[in-house]
Structure formats: C-alpha cells, structure tokens
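In structure tokens below, several structures.
Both of the next two complexes hold chain A, though its partner changes from chain B to chain C.
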Partner chain A sequence: MSSRIHECIVRIGETIKDNKDFLTDLDREIGDADHGVNMARGFTAVEDKLPADETDIGAMLKKTGMTLLSTVGGASGPLYGTAYMEAGKIAAGKTEITAADFGAMLEAAIAGIQKRGKAVKGEKTMLDALIPAHDAFMEKANAGADLVTALDAACAAANEGVEFTKTIRATKGRASYLGERSIGHQDPGATSATLTLETIRDFLKE
Partner chain B sequence: MVGVVIVSHSPKIAEGISDLALQMAKDYKGLRTAAGLEDGTIGTDSVRIMNAIQDADEGDGVVVLADLGSGVISADMAIDMLEGSVKAKIADAPIVEGAVVAVVEASIGSDFDRVIAETEKTRDFRKVS
Partner chain C sequence: MKKLINDVDNVVNEMLDGMVAAYPKYVKRLEGLEVLVRAGGSDGKVALVSGGGSGHEPAHGGFVGKGMLDAAVAGAVFTSPTPDQVYEAIKAANGGKGVLLVIKNYTGDVMNFEMAADMAADEGIEVDKVVVADDVAVENSTWTTGRRGIAGTIFVHKLAGACAEAGGSLADVKAVAEKVIANVRSMGMAVDACTVPAAGKPSFDLAEDEIEIGIGIHGEPGVNREKISSVNEISDKLLGKILAEGIYNAGDEVAVMVNGMGGTPLMELFVANKHIAEVLADKGIKVYKTLVGNYMTSLDMEGFSITLLKLDADLKPLLDAPADTPAFTQF
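Right, the complex of A and B next:
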C-alpha cells in the first residue's frame, strides 16, 4: 500500500519556499521580518528528514511537526509543529484520507494551535484563516461533498480570512507591539496557512 | 537546589542576563540558557529549551524565564514535551529582574514554589515612583 503523503508534504515545502520572500516581506511590515525565512528553513529540514518510503500519513505528519518544531525558530515552529502533530494523531495508521478525516484533522490542528498560542479568532493570526476554512469545509463535507470540493470552499474562506486580517489590529504575536499600526496589513501566518491549504487542494486535484 | 533557565531569542541577551544574575550569586550552579537556534540565528527552539531544563534539574524543579512572544510559546511547548518528568514552570515575570531574583532565591536553597512566588513579585517592581 502506498500513499502520496511524502509528495504532498514536499509540495507544501516547495510552496513555502517559493513564497519565502513574500511571507518575509509581509512580516517585515508588522513583525520581525522572519516568517518566510523561518518557514523555509523548517521545510528544508523536513525534506531532508522525511522518509520517502513512509506511507502512514499520521507518522509522516508527526515527523513533519517534530522537525518544524525544532528548526523554524519563531512562534510558527511550535504552532505549525503542534498543528501537524495533532492532525497526525487523527491520521495515525491511515494511508488514505476522506473528507471526514480531513475535517477532523483540521479541527485537531486548530485546537492545538489555540491551546499553544492561547489565541482566538479575530486576533490577526493564522486562526483567522483556518477557523473559517474549517467551517466552510465542514458545511460542504456534511452535505456530502468530496474532499477536493470541500477543500475548494475551505480555500475560498481562508482567503477571505486573510483579507479580514487586513482590517483588524493584532493582539497576539509580535505585531501586537505595533497596536494600531498593524491595521492595513495582512497577517503572514494567516497567509502561510492559506497557501498550505491551497497546495493540498491543488495536489489532490492532480 | 532549584534550577533556572533563561529563554531568549538572542544568545547575547541570555548571556548578559546570566552574567548579571550570577553577580548576585557567584557559586550558583543551576543556571542554564536556551537562546537562539543551533546555528546562532535569532529565534527560539523548544528542543533546546527542553534540553536546558533537563540539564538544570537536580530533582527540585526548574523555573523558566522567557522573553517575547515565541520565547513563551516555545518554553511552554518544551515543558509539555517533558511530560511531567521535570517539575518546570514559566515564571510570569520580566526576564531581567525575574532572572536575578530567581537565581538569588534558588542559590539560597528556597524550594520551587518559593522561587516562583518571589520571582513573580518582580512583576510589580516600580522603577520610577
């Protein structure tokens, strides 16, 4: 039994690396100008460490999370690390993912990020993309949509969430030190989270 | 004796705080730092923090002082990763004042709860009154 999980994670890493400068520039506006650099460093390490022959999606996500945790260097390390590890717990032993599985994985990832970052929706963080994405995903999935169709809805909602982060003031993370000056800029973490979802969707469409 | 770990994005900050704190307690051996990434880049790394906590622990617990943002999140993650094998807690205190008080308290043999309590009192230290 093989799975495409290795290829999928490598693809996410490619997207992150392709957007390294974009994410770093967003973070320069309202943070410490390292989000793209940090995430690219993390995914370079992930590519080096991931066993290409591992087919257990849960095991692969756990390994990805552990690697991000120790190589990213900013808050995104523990936050994305926790997200991948929590999603991995749901996918343990699986070599295929259904829409119901993915919904549960996204929910677990969000819960992990919330616990770790002690943030809620509306604080100009990655949650402002992920929570609406999960809501939109579940609405479609519960109506019987397949994984890719539900992911399409999730990506649209995540992009709206990124737009929403432009309108609000940051109350978590480095950007919170800027107060009102954080308004008008989109959140780098919400952006990288959306890029991740879009990459998964595009990969599954192939 | 209670251990103390200084978590900072910057190795220079952590080193400076250590020097400052140890001026008040020269013979204290329980202080460790976990600052920057392995290659010296500015940042925080939960695995390095976890290792520093384990190294600082003599069985009496470890008080952690952290700087901004991901310093706190990474330290929190490090403590979770220890799964209770070390009694460790982030003191809710400013990192410089907190480190000085934590090191002094630990060096005179105060227990874990007392070191935490004294360290957290630095939250209310006034500089201009």
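Right, the complex of A and C next:
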C-alpha cells in the first residue's frame, strides 16, 4: 500500500518527466540545455529508491532530497536536494500537514536554497517563483485559509514570478554569462519550482 | 543527431571503462563510481582532485597521472558531478598529506565540490580548494556569477601537480595553484555549436556565416554573435581581450595554449597559432612554451580558445617538470 506522501512525490516526478523536454529547451535558451534531463534522471532515481509504505512526511522528503543530491548534479542537485531536506526537517515525524506546516516547510526550503546558492530575489532563479509563492501562501494561511486554498494563491504567485523572470537579466548561474541577452527568456529553475507547487496542489485537490 | 554511441544514458560510464581499458598503467576506476584515480595510488604526497561535467575530454580523466592529477570525477555530460562522487574521489586520492580541489568556476561545480569538501573535512581529511576563473569573455562583476573556468585549468593541473609531485605541502600546492590562476587568462569562440547526446540537438543555432564569440565550454551561447572573418581577425579579437587585462606586457614570458573545442582540425589550430605567435612577438612578449591541441573540449563543438599564462622563475620549472598522464606527457 503506497502512502499519500509517496504518491505525491511520485506525482511530482511524473510532472518533471512529462516536462523534461520543455525544461531542457528553456535551459537551452539561456543555460546549458540540461535542466529537464538532470531533474528527470533525479526523479527516476527517487522513484526507484523511495519506500512506498513510508508515512513519515519528513523522512520521505529527506530521502527524496538526498537522492536528488546524489543523482541530479549541476546546480539543481544541491539546490533541490537542500530544499527537500530542509522541508523534511520541519515535517519530521508528521504524517499529515496543515497550512501552517506547509508554510514553514516552504520557508525552510527557501532558506536552504538561499544559503546554498547565495542568491536573492530578482536574480532570475527559482527564488523568483518560490519567494512570491511563499508570501502569497502565508497571506492566505494567516487569514485562515486551508492548505489547498493557500496553495492556489501560491501557484498563481509562482506563475507571475516565472513571467517576471522573463523581464530581468540573470545575475546568478550560467544564464548570467549572457548579460542582457538573458532578458526575454523565462528561468528554467523558476519554471520547475512552479510545476512542483502546482503538482502538489493538484494532488491535494483530488 | 548522429553520434557514435550505444545508449545515451550510458555514455559516461562506457567512456570511463574505455579510458581504463586504454590506459591501465595510468588510471583505475573506483568501483561503482564515476571516478578515475592513479593506478599506482597517491601515497605520501598532496593529492590534486579535479573534475566536472563530462564532454571536455581529455579533461579531466586524461590528466590523471604523475605530475598532474590524482583523481578526476566525471559528472553527466556538462553537469557537475554530485557531492557523494567527489567525496569518494577525495577519500581515495588522499595520501595522508591533504587534498586540493581544483574547481572550475560554475555555480553547480562550486556547490557540489564544496559540499564534498565539507563531508571530507568532517571525516578529518585535510581539504582545501581553488576556483579557476580564467575566461575573460565574462565580466567579473556583481552582475554575473563570476568568470568561468575554461582551458586555463589545464595549466593549474600541470603546475600545481608538479609542486605536489615534488613534495610540496598542501599550502605550497595551493599557493602555486593560486598564482597560476592569477596569471592565466583565456577566451574562446565557436564556429558551430555542440550537441549534447541527451538533448539530441545543437545547443544553439548559428547561421552558415555566423560565429559565436566568447563561448564557454558547455554549449552555452557566447557574449556576441557576428559574421565569420579570417582566423587571424578572430584570433586578434580573442587575444585583444586577453591582452587588455594588462597582465601580459612587453618583456614578459608566457606559455600559450591554443585549445581545440573538439570539432576543429589541428590544421586550423596551427594556422591560428602562427598568427598568435607573430602578434605576441610584435608586442615583445616572449613565448616560452606553446601547447596546441584538444585539451579542454566541448564535445563536437567547432572552435578554439586561446590561453596565456605569465611565467616567472618560480613557475617555469613547474611548467617544465616531467608529467606522465594519458593526455599530457613530457620528460
């Protein structure tokens, strides 16, 4: 019997794999054409390694993060690996999560990404989707919204964040080498982060 | 895409086994890992560990051997290796005198190697690192992630490796590496893009008469695109940007590397070098040693890079010291 958190992670992996070529094409424009390929490889390994019956959300996220760290490579491996592991620390021992829990997990994931990547908002990275998503999520959650409602707001903000990345030049990562030429292209990392949030929301809606 | 491969997902694995089959006296593979180490081990000396994404062959595995590297970690094509792989390389290469990581300045490489260094340090292994950032095509400013590490990295392997082989301490070896990094600059260009096997199509599209100036070594586009001109004019552009750094002046002695990107014939590299040698002579810059060939490639990319390293009385003997590796040998 597969646990809910296992199903959710598998679903995120399916989304990433379904969008492998899309993410790689985005990366070809401003990076090195491997984001989708690397993330898909990582989630294939995650699916192989995850214990299907694990119900501890924190343990599952930690295992996911460690697997991504050891299989994705590039910058995405340490960044996504750290994000899942930091979120997992907040969820340790939990078998279900509230809106408040998810807000704290997202905050921890973002803090981990910032520490590892030494980036801030506005540098054309995944943070440009995740930070507005977290802000929108907390605004709803603090007003008493449930997890799914708050996630709806988070996804909308994340999508706006992806659109915003088209308007700015990259100052972190390989896209920064392009200077002004990076403007007009959406950031692949912000895109995969948004796809992840949308998949979680859609999964919880079912 | 036309490639001489069997399985896109198995290219790096098969390549490493092929290198071991070709050079069993030089390298062996750590079991189950994408790591090549010296066949004879590295006891009693400071170990140099480098690596990065694959697709830059002979870098880095081809430079594992006496007088250069002790271990090379191979990531997926153009993708930094993961921390666990680098960590295993550090452990295997450690000969008890400490380990120096030679990292090319890319966001992913720096993150993964730093995480591995933390893991090794936790185990009591003495680890230090240098980051090579020799590519003058990229402005070193708050607007970028810093200059890229490209072909100049080979000189770091060579000179720091010679220092380690001669019994230098970790601090000595690091000091040599830092000195090389301070005095080495490179710039490259592409006549045509490369195709990453897993992506299946060229990493950027160039018209029949277009070239890309200032490319990196991962198929990422360069800093500007223009109509193709003669190799002399192209060399002038690359060399001009390097000389504008102000490091190389009349009376200085330099080592020159004319590095092929993988798809350019040696004939064209030598044509480029003829002009480079003349320009440097005109400027009163003395060429002490020249390397022409494929040292730091970018799969099947057509193009080349120029690297200059300023030498002094300390660096020259390290450049001249013997080295015996699959891809670089001198006695």
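By definition in this document, the second predicted complex is superposed on the first by the 203 of 206 C-alpha atoms of A that agree within 3 Å, B and C clash if a C-alpha of one lies under 4 Å from a C-alpha of the other, contacts with A are read in each partner's own complex, and residues count from 1 in each chain.
Here, a contact is a pair of C-beta atoms (placed from the backbone, for glycine too) under 8 Å apart; a residue touches a chain by one contact, two chains touch by 3 or more.
Predicted model only: the values in this text are computed from it and were never measured.
Asker: Overlay done on chain A, so just call it for chain B and chain C: clash or fit.
Answerer: Clash: chain B and chain C overlap once superposed on chain A.
Asker: Given the touch rule stated above, what does A:A33 touch, chain B (first), chain C (second), both, or neither?
Answerer: Touch partner of A:A33: chain C, not chain B.
Asker: Let me test your reading of the model: by the given contact rule, A:A59 touches which partner, first (chain B), second (chain C), both or neither?
Answerer: The answer is neither, since A:A59 touches no partner chain.
Asker: Go through the superposed model and pick first if A:V10 touches only chain B, second if only chain C, both, or neither.
Answerer: The answer is neither, since A:V10 touches no partner chain.
Asker: Using the touch criterion from the header, give the chain among chain B and chain C with more contacted residues in chain A.
Answerer: Counted on chain A, the partner with more touching residues turns out to be C.
Asker: Would you check which partner chain A:R181 touches, where first means chain B only, second means chain C only, and both and neither mean what they say?
Answerer: Touch status of A:R181: second partner only.
Asker: Please indicate which partner A:A156 is in contact with in the superposed arrangement: first for chain B, second for chain C, both, or neither.
Answerer: Neither chain B nor chain C is touched by A:A156.
Asker: Running through the overlay: 135-143, 225-233, 243-251 or 279-287 are the candidate stretches of chain C; which one clashes with chain B?
Answerer: Only 243-251 shows clashing C-alpha atoms.
Asker: Intersection of chain A residues contacting chain B with those contacting chain C?
Answerer: The overlap between the chain B and chain C interfaces on chain A comprises residues 34, 38, 69-79, 116-117, 173-174.
Asker: What part of chain C is in contact with chain A in the complex they form?
Answerer: 9, 53, 75-85, 106-108, 111-112, 115, 137-139, 142-145, 148, 196, 198-199, 203-204, 216, 218-221, 223
Asker: Would you pull the chain A residues touching chain C in the complex into a rising list?
Answerer: 24, 28, 30-34, 37-38, 41, 69-79, 116-117, 169, 171-174, 176-179, 181
Asker: Taking the touch rule as given, give the residues of chain A at its contact with chain B in the complex, in rising order.
Answerer: 34, 38, 69-79, 81-82, 116-117, 173-174
Asker: Any idea which chain B residues touch chain A in the complex?
Answerer: Going through chain B, the ones touching chain A are 37, 41-48, 68-70, 73-74, 76-77.
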